[in-house]
Structures are given as structure tokens and as C-alpha cells.
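The structure follows.
First chain written, first letter: the chains are A, B, C and D, and each begins at residue 1.
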């Protein structure tokens, strides 16, 4: 589906100091993990994940990074934006015991995923990490879903100073057992979540991750043989699978068509994973 | 439907000294009165009525007139022809008491119509006329349908010397009552078909005509207030309703789209009927 | 018709911005009439030549994904019989009519203009899209600003009607040709004629589908080309533009206007949406105006001009 | 791959007549590789320039009925990094690769050729479709037979690979340019590049959809234009033609061959039918050959040449 549609911004909400959510009234029919291309026709058309989507509206949640996102931050409710999509692959919806690991603004696509998983009856734990407290997104939204939420910060500004991958390792190996949160008491507390000896060990069925590529690369090392899906970012121009800018080596996977959500089997074959990506010229940029 | 399809001629049959039927194996889904555009890519693409059409094949029946039809007459079974269509309006299928009047090769579209009417349970009389015996088409085919057939020739080479319009007038006014034919004994015989006094007069519900325009013009004068449909010919080029070559004054009716079958209500408004038509340049040619 | 659609074109009051272009449904007065009755604000005659022309042998049209090829070959009954149809139309309708004429040299254009002067037409359109006549540098008439200037200048001297130059898109620099037309006195530009030309092949018979082999492209797929050329031309000339090429919906018509068109032609879409296409598009334009709160067509904004 | 699809192109044995054209799925070695794995007989690199280019800001593509506009703006990592991708591809695949390069003058084309000489490429393609550089008569490079002749002649002197001239359709007389290329020593012609360009407008925001405003047309709707130009060129040159423009099906590919193409490019159809499009078309070609009893591609007839 590549039909362009131009819509008014129905609502703008602040998520953090540099992240906002923009909501549009339009039946998009997007699934978790999919993205749209969005433009204001002032230069730049950018891929953004669908952060929420219902019968008659959808949202994107955007971190202010450079030229385009800065201009987007100056828009007001009622301003037009033009979109095409939704594009790309979406997450598998498991109904088993699942762990979601999000880093920084990478957590954005995980909220809609968690909503779908929750509806499917999955047993959901979310590790929502960020560099620092101010960069955490969607904590309240995750709380509303009534799932097991673990919030981590690299610098300890919220809970202990810990990396989300470390926490994931402990949870996946059942050293730690996340409990449903009590109020806002959901920052990482290793002590509180130590496994009691009487707690049953059930293996995780599925891991989902979204965030900085190096985070996902480390996470891959601790997942073991559990099935997983990661969501990636590559430079996108056409989003319809012809320009080749978003291909991943050595498979020639087009992230805009076969991605952005890639399954374990594919991820394991991607040699550029955690090594390099390509910029707008196609040049390789090392991580 | 304007998709072109190129087909092998499956069968060629002689109808008269200058009329042949060409059959193609293809599901055309055409209704009585509709036509195709046909070409051999050697110069000329011409409108021809569907003379027969079943689930998996259709036929056209062609009179050799000029350049294109002469070339068509040299084709053999297995040769390719390229067609698009079916185009245009089709005949209303009545289940009442109906009269079909055909003149010369004009009778061609009436056979498929008679087939449909017969299936619908109509009480069918056909006047199949021609200038001379050799120009009569489809007599056997009409006979096979088991309907009331009256064959007339202007020059009396088959039956009496009589005009089909005259016969139509007498039949429509119930002076004559056609009887189901006996063997080939179906040439016009005024004496044999005189109405017996005890025969009930049921009014005709519908008249259909196909043939020379002047014949239809005269026929119009004897139909009275019975509903009718006539099938017309005008010079056709695009057959998709844009070039305007086939329009009929003063309505701007496009014969290739709103026609070739026109109903009483329309025919009555057509001022050029029986007066003039337009040639390939658009110039008016008087009848 | 809805007042919102009222528009001015060269001092005439027009009831809808939609134009029936040359070559579409215009071989008879009744073809013009039914188009006007279905909502066209202006109708155009077939391009008349001095002598009648049968045009090319068929097939003369061929469909492909996104449009049609046509090689009608300028069939027309000649200027005398042609104008008779135009006059008969004008006796029945108050819809303005553009008389289109085609020739390959100044003299013939002048003769045609003299005929048109005696007619009941409202505008004279010069179909300058001939690819087969070259100026001294080997540039086709359609692409030669000198030829175009010469013809229009001469015609303007004697024409009793406003003169519209119909331009071919198949040139490097349509703007320079439009400017040449303007400076020669043309009152308006009509663009674009068909694109290409192109060809299609029947793979079973190994033959080109059109008997003329080549035919011009019309229909939805030429819209982007039309918009670009109209926009470029609008940015540099002051005379009004009748924009056409692939218009099928109200949205398309609005695009044309935003690109710079004052009036919008609707040709091939008569196939896609029936002869009712004019009223359908009229209604879609009104819908668009209501939704976006434009109370009249002048209020519909144009793109910022190219610098 | 099916033997029926085997074909020769400039003395190379090719497994399928289908070509991945420049600009499609070719920013990485893996993009070339997946296209070859999916059935392309030859793959082409992105058109490389001496320096890296970011290309135009987005939107860079826009869909319309019958095709796409694109204004990528020749984004590419530059010849050095570009050839690294090409070489990495050749280490994994025996599919021949065309290295496409773009420049606006002879000197830069020569520098690019020197780089390509050191690569593992198989053919050198000169993208001569620049509309923005003019010869002394104001004719764009793409349309100037003298410029084209000059560039090819110079490149041929030093190129270690056969040289293919990629031509723009947006010229009056593509045949004269193809002939100029041939007489300068070009080994093959590749045609056509994108058509137009065109423009689309967002009517709500009153903005052109492409940030670059204008973009070239590709996809099904340009097929008739491609066929016509290929047929005209085929009728007058002896060197082989890589035909492309709107090919989406086996039937389309056969049309291209009948018009005179030796090899057939499939670009935008990757969008319409997925990256598997090459094998889908390969299969449709085989089906067509079987149905019409052609045992090899050479047996598929061409149209009679134009006189």
C-alpha cells in the first residue's frame, strides 16, 4: 500500500523533554512493528514506527534528532502532515511467556506490541531501559497494561545503575523473576525480584527487542536458544523496496519490505548486524 | 472491457455466397446485440455483431463488403485474429409475444437474440427477409429453434415477392397469424397464414428489428404503440466512447456505448434516423 | 450548475472550469451538446483541416496500464462541414465553443482562420502539435518557437476570436514555446496534447497493435507530465492556461489548477467514467472546495511559482 | 535456470535475458546478489559519480496511476566505495555485472572509467541521461549526438570493458543519438531511462509531492514509449539493445524483444511483484515460448524493421 494521505495532526503530547507523540484520525490498520513514511513537504520524508493504532486513529512517537524531527516538533495540532504506509513486517504475536526489551526511544514500537500480546493472553515482562531517567518513554502506558514492568537506567537515575541486557540475562536465566508492579515501584530492584526457591521456572517462549543496535547485539548473546524478533533501523528512502538503500548484508533483505521486524533465523545470518549500516549515500558507517 | 485478446480462428463456415461465420474458442460472455472490434493488424479494425455465444466459444458472421471483410474471407482456420469487446448495449429479453424482423445480413444479431428469447419462454415469430434468396442468412438456425419463421424475399426468389415490412404490418395487426413452420415450408405464403376467425388475437408485446436503416424506418411506421428495440450501425473507430464518430443526432448517443441496440424511447428522438449517418471523416452521408 | 464553479476565461463567464478537449466526442454537434449538458463549461471541436481526412486505418486506439494510445490521424470532415456542426451546436447551446484547427504552415492556418471568422465559435485554437514539419534547424513545428511565433502572429492579425495555442509536451523547452506564443499575441495556452508517441505489440501476431504503429499517450499516466509542464509554463507566462492530460477526478482537476491552469480539460476520462464524467468531477471539485473552505475557484491557491 | 532462457550478450553467456537496471536494489553487494539469486541474468550497479552524493531530500518517490515518479538525485557512495560493493558481489556470484557511471563531461567520465578498469565488473555503462548540461546549441547532453559521440569515443579508447550507452527518452531523435553512440564505438545501447520528468501535487498542503518538485516516470505506463523508441533504434543500429521501461510480465518482456531488445531490464516492477519478479517473468517467458513453440530466445521473432 503506497497511497499517500494527508492528514491533520489531531493531538500532540509530550512524552519526554525530546520525545512527542503525534496522533492522527485515520483508519491505518497497522500492525505492531510497522512504520509509516511521513513528510511535511519541506524537505525530508522519514520512517517512524506506529506507536499506537486503533480503529480510527493512530500515533507516532518521535525523538527530536535532526532537521526533520526538529521541524516536526514545531507543528501544532491542526497542521497537515502527509503519510504513506503502513509498511513493513510486524511482530509475531505469541501467547506464551514473553520478554520485551526496549532501549531509549527504541521502546516506542514495543507498546503497541505489548497491547497485542496482552490481548492474546501472553505472560508479558517488559524491560524498559534508557541511558537516563529523562529518556524513558511509555512507562505509564506500559503500567496501564498491567504487565510486569522493569525499568532500568544506565546511570541509575531511576532504580539501580544497570544495563537492560544484564537484567534480561538474569531474567531469561530465571535468576530474577519480575513481579507485577506495585504503583510506580517498578524500577529495577535486584533484591526485590530475586527468585524465591519455591517459584517455578518456566522457560521464556519469545523475546522481542527494540533499541540501539549494539544493545540488541549484546542481547542476542544472552538469549540462548529462545525464539526472538528484533526491530531494526536502516536509512530508508523509497520504503517500497526498489532503491536498495535499506538492504542488509549479506542477504539483501530490504528492511522496508522484509523488515523492520526480523526473526531470529534471519538475524543470525545478518553479518552487518552490530557492525555497520549505510548512510544516505549508501556508504557503510561502522558502529 | 477493452482488453485485447488474440485468438485462433477455430472454425469457418459458409452461410451464403458472401457471408461466412468465424468461430473462436474463448469465453466472451457477450449478450445478444453486443459486438466486438476485430482486426488482423493489416489495416482496419471493424465492428461485428456476436452471432453466437456459448460458455466457451463465440462466433461472428460477416458479409464480404470491402477491403477488410475481403481479407477476412481469405483467412483459414488456425489463423490469428485480434479482438476487443464485447461492447455496447444488448437486447431486452422479453418473455411475451414478440416479433423479430431482420433484413439481409442484418438478421445476424437476431439469431442469438432468438435463442435467449426462446429460453425465456417468449412466443417468437421471426420475419427473416432479404433482397433475394441468396442473401438469406440463418434460416436453418432459426428453424432449429422451433419458432415461427417467415421468410421473405423482395424479388420473390423464395416465396412470394413481398417486403418484410408489409408482412410485419399484417402480422402486427393480426391479419396474418404465423404458424410453426412445417419442414422447409416457411417461405411467406399469405394465403396459408390468413387468420382463421376462431384464432384469438393477442397483441404483440415487443418488436425487434435489425437490418437496413430504411427498412427499420418503414417498420417504425407500422409498429404502432408496441415497445421495440432496433439495432443500428454507425461508423466506429474507438468503440470506447471517446472519439465521437458514432454519435447519433441530436442526442449525442454514442452507438458504441449506449448502442448499438436502442429502445423505442431513444429511437423516437433520433432525428438522423433514416436520414443520414457519418463516414470515417465525420461527414454526413444522406441515405 | 453550482455557482461555486463559475469561472472567467478571457472575459467569458463560464459555468464550470471543465473543458471538453479537441478530439473527444466532437465529430458532431450532438457530441458537443451532450458533453455540455453533462457539465462541460467549454467544448472544443475536433481539429479541422482544410480538406476532409479519413484518418488512419484501425486499430486507432490501444489500452495499456495507465492510459491509451491513439492514432486517429486527425480524421475530420474538413473545415466547412466541421463548422456546420459547430454552428448547429451553437444554435442549441449557450456553452462557449473552441474551434480547433490544424495545419502545417502559416498559409493554411490563415485560410482556416478566415473560415472560423465566419462561424458561431467563441475561441480559435491552433493545434500546433505537428511533429512532422521542421524548421530550418530540423526542429519540429511543435518545438520551434520561431514557427509558433510566426503562425500565431499572422493568425492574430486576422482572427476575430481570441486565439489559443495548443502545445505538444514532446519538446525540450515548452516554456520558451509558450512564451513565443504569448509574445506573438496568443490569448491563452492549451496544454498538453498527447505524450510520446508510444507503441504496443501483439506478441502472438508479432505486429504493432496500432496500424499506424505509433500513437500518442493520453489518460491518467500522463498527468504528472502535464502538471510539470503546466507549472513551468504558468511560472513564466501571464496568459491563462487550459490544463489537461490525465484528469479523471476532482482531485486531479484541483491539481491542474494548483499547477497554474485556469480551465481544465477532461478527455480520455470520458472512457473511464462515462460521459457523466464532467458532472462527476464538478461535484468532486465542489466537495473539495467545501471541505477545504474555498468559496470560489479564485480562492483555490496556486503553487508558488518556480524561480 | 531453464536452458531456454540462455542468451548471448556481447560474447557473454547469460542465464536469463532479464537485467536489474541501474538504480534498483543496487546500493549494496547484497542487493545485487539477491536480484541475481531471484533470476536476473545481469545486474547493474547504481550510477556512480566521482564523489559520494546524498541525493535529494525526501519524498523521493511518488506513485500515480500507471507508475512512479522518482527523484533520487543520483545518491551513491561514490565510485570508490561503490566499486567495493561491486567487487564484493563478484566474489560471491558469477552473474555478470554492469558498472554504471554518471558524469556531465568527458574528463569525469574518463576518470570514472579508469576506476572501473580496476574493478571486477564485466561491462561499463555510461548514464548519458543528464538534462542539465547543454552543448553549444543549447541542447541537453542527453540529446546532443555530438556530446554523446565525444564522450563515448574517449571512453572507448581506455575502457577495458565493453561500453554500454544508457539513453534518455526525453529527446526528439533518440535514433540519431544511438547512431552517434554506435559510430563512436559503443558496444551496446541501454534504453530507456525515466520519462518526463513529471510532477504531482498534494492538494491539501498545496505542495509538490517530491521535494525536488520534478521526478522521472518509470513503471508500466512508460512501456509504450520504451517500445517505440527501442523499435526505432533497433531498426537503425546493429549493436544490441538492453530494453527497459515498464516491464512487469513475461508478455511485456517478449514485447521488448520483438521491438528489438536483446536483453530486458526490470526495475519498478520489483515494487509491483516483489524481488521474485525476475523468476516470475522468467517463468512467464518460458510459458510463452512453450505455447508459441519457440525453442530458444533467438527463435522469438522481431518486428519487421521500420523503413
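Quick note on the criterion: a residue touches a chain if its C-beta (ideal position, glycine included) is under 8 Å from a C-beta of that chain, and two chains touch if they have at least 3 such contacts.
This is a predicted model, so every value here is computed, not measured.
Chemist: Just knock out chain C conceptually, keep positions unchanged, and give the connected chain sets.
Modeler: A, D | B
Chemist: Taking each chain's centre as the mean of its CA atoms, which one is most distant from chain A?
Modeler: B
Chemist: Could you state the distance in Å from the CA-based centre of chain B to that of chain C?
Modeler: Taking the average C-alpha coordinate of chain B and of chain C, the gap between them is 38 Å.
Chemist: In angstrom, rounded to a whole number, how far apart do the mean CA points of chain C and chain D lie?
Modeler: It comes to 34 Å between the two C-alpha centres.
Chemist: Using mean CA coordinates as chain centres, what's the chain B-chain D distance in Å?
Modeler: 53
Chemist: Could you tell me which residues belong to chain C and also touch two or more other chains?
Modeler: Answer for chain C, listing residues that touch two or more other chains: 204, 207-208.
Chemist: By the touch rule stated above, which residues of chain B touch at least two different other chains?
Modeler: Residue numbers touching two or more other chains: none in chain B.
Chemist: Classify the chain contact graph as line, ring, star, complete or other.
Modeler: Contact pattern: an open line, chains touching in sequence.
Chemist: Applying that definition of touch, give me each pair of chains that meets it.
Modeler: Listed in label order, the chain pairs in contact are A-D, B-C, C-D.
Chemist: Under the touch definition given earlier, write down the residues of chain C that touch chain D in their complex.
Modeler: Spelled out, the residues of chain C in touch with chain D are 64-67, 69, 139-140, 143, 170-172, 195-201, 203-204, 206-208, 213-215, 217, 219-221, 223-228, 231, 246, 248, 251, 254-255, 258-259, 288, 292, 301-303, 306.
Chemist: Looking at the complex, which residues from chain D come into contact with chain A?
Modeler: 23-35, 37, 46, 52-55, 57-63, 70, 72, 75-78, 81-82, 85, 92, 202, 204-205, 207-209, 211, 267-268, 270-271, 274-275
Chemist: In their complex, what parts of chain B are in touch with chain C?
Modeler: Per the touch definition, chain B meets chain C at residues 2-4, 6, 37, 39-46, 80, 82, 237-245, 247-254, 257, 278-284.
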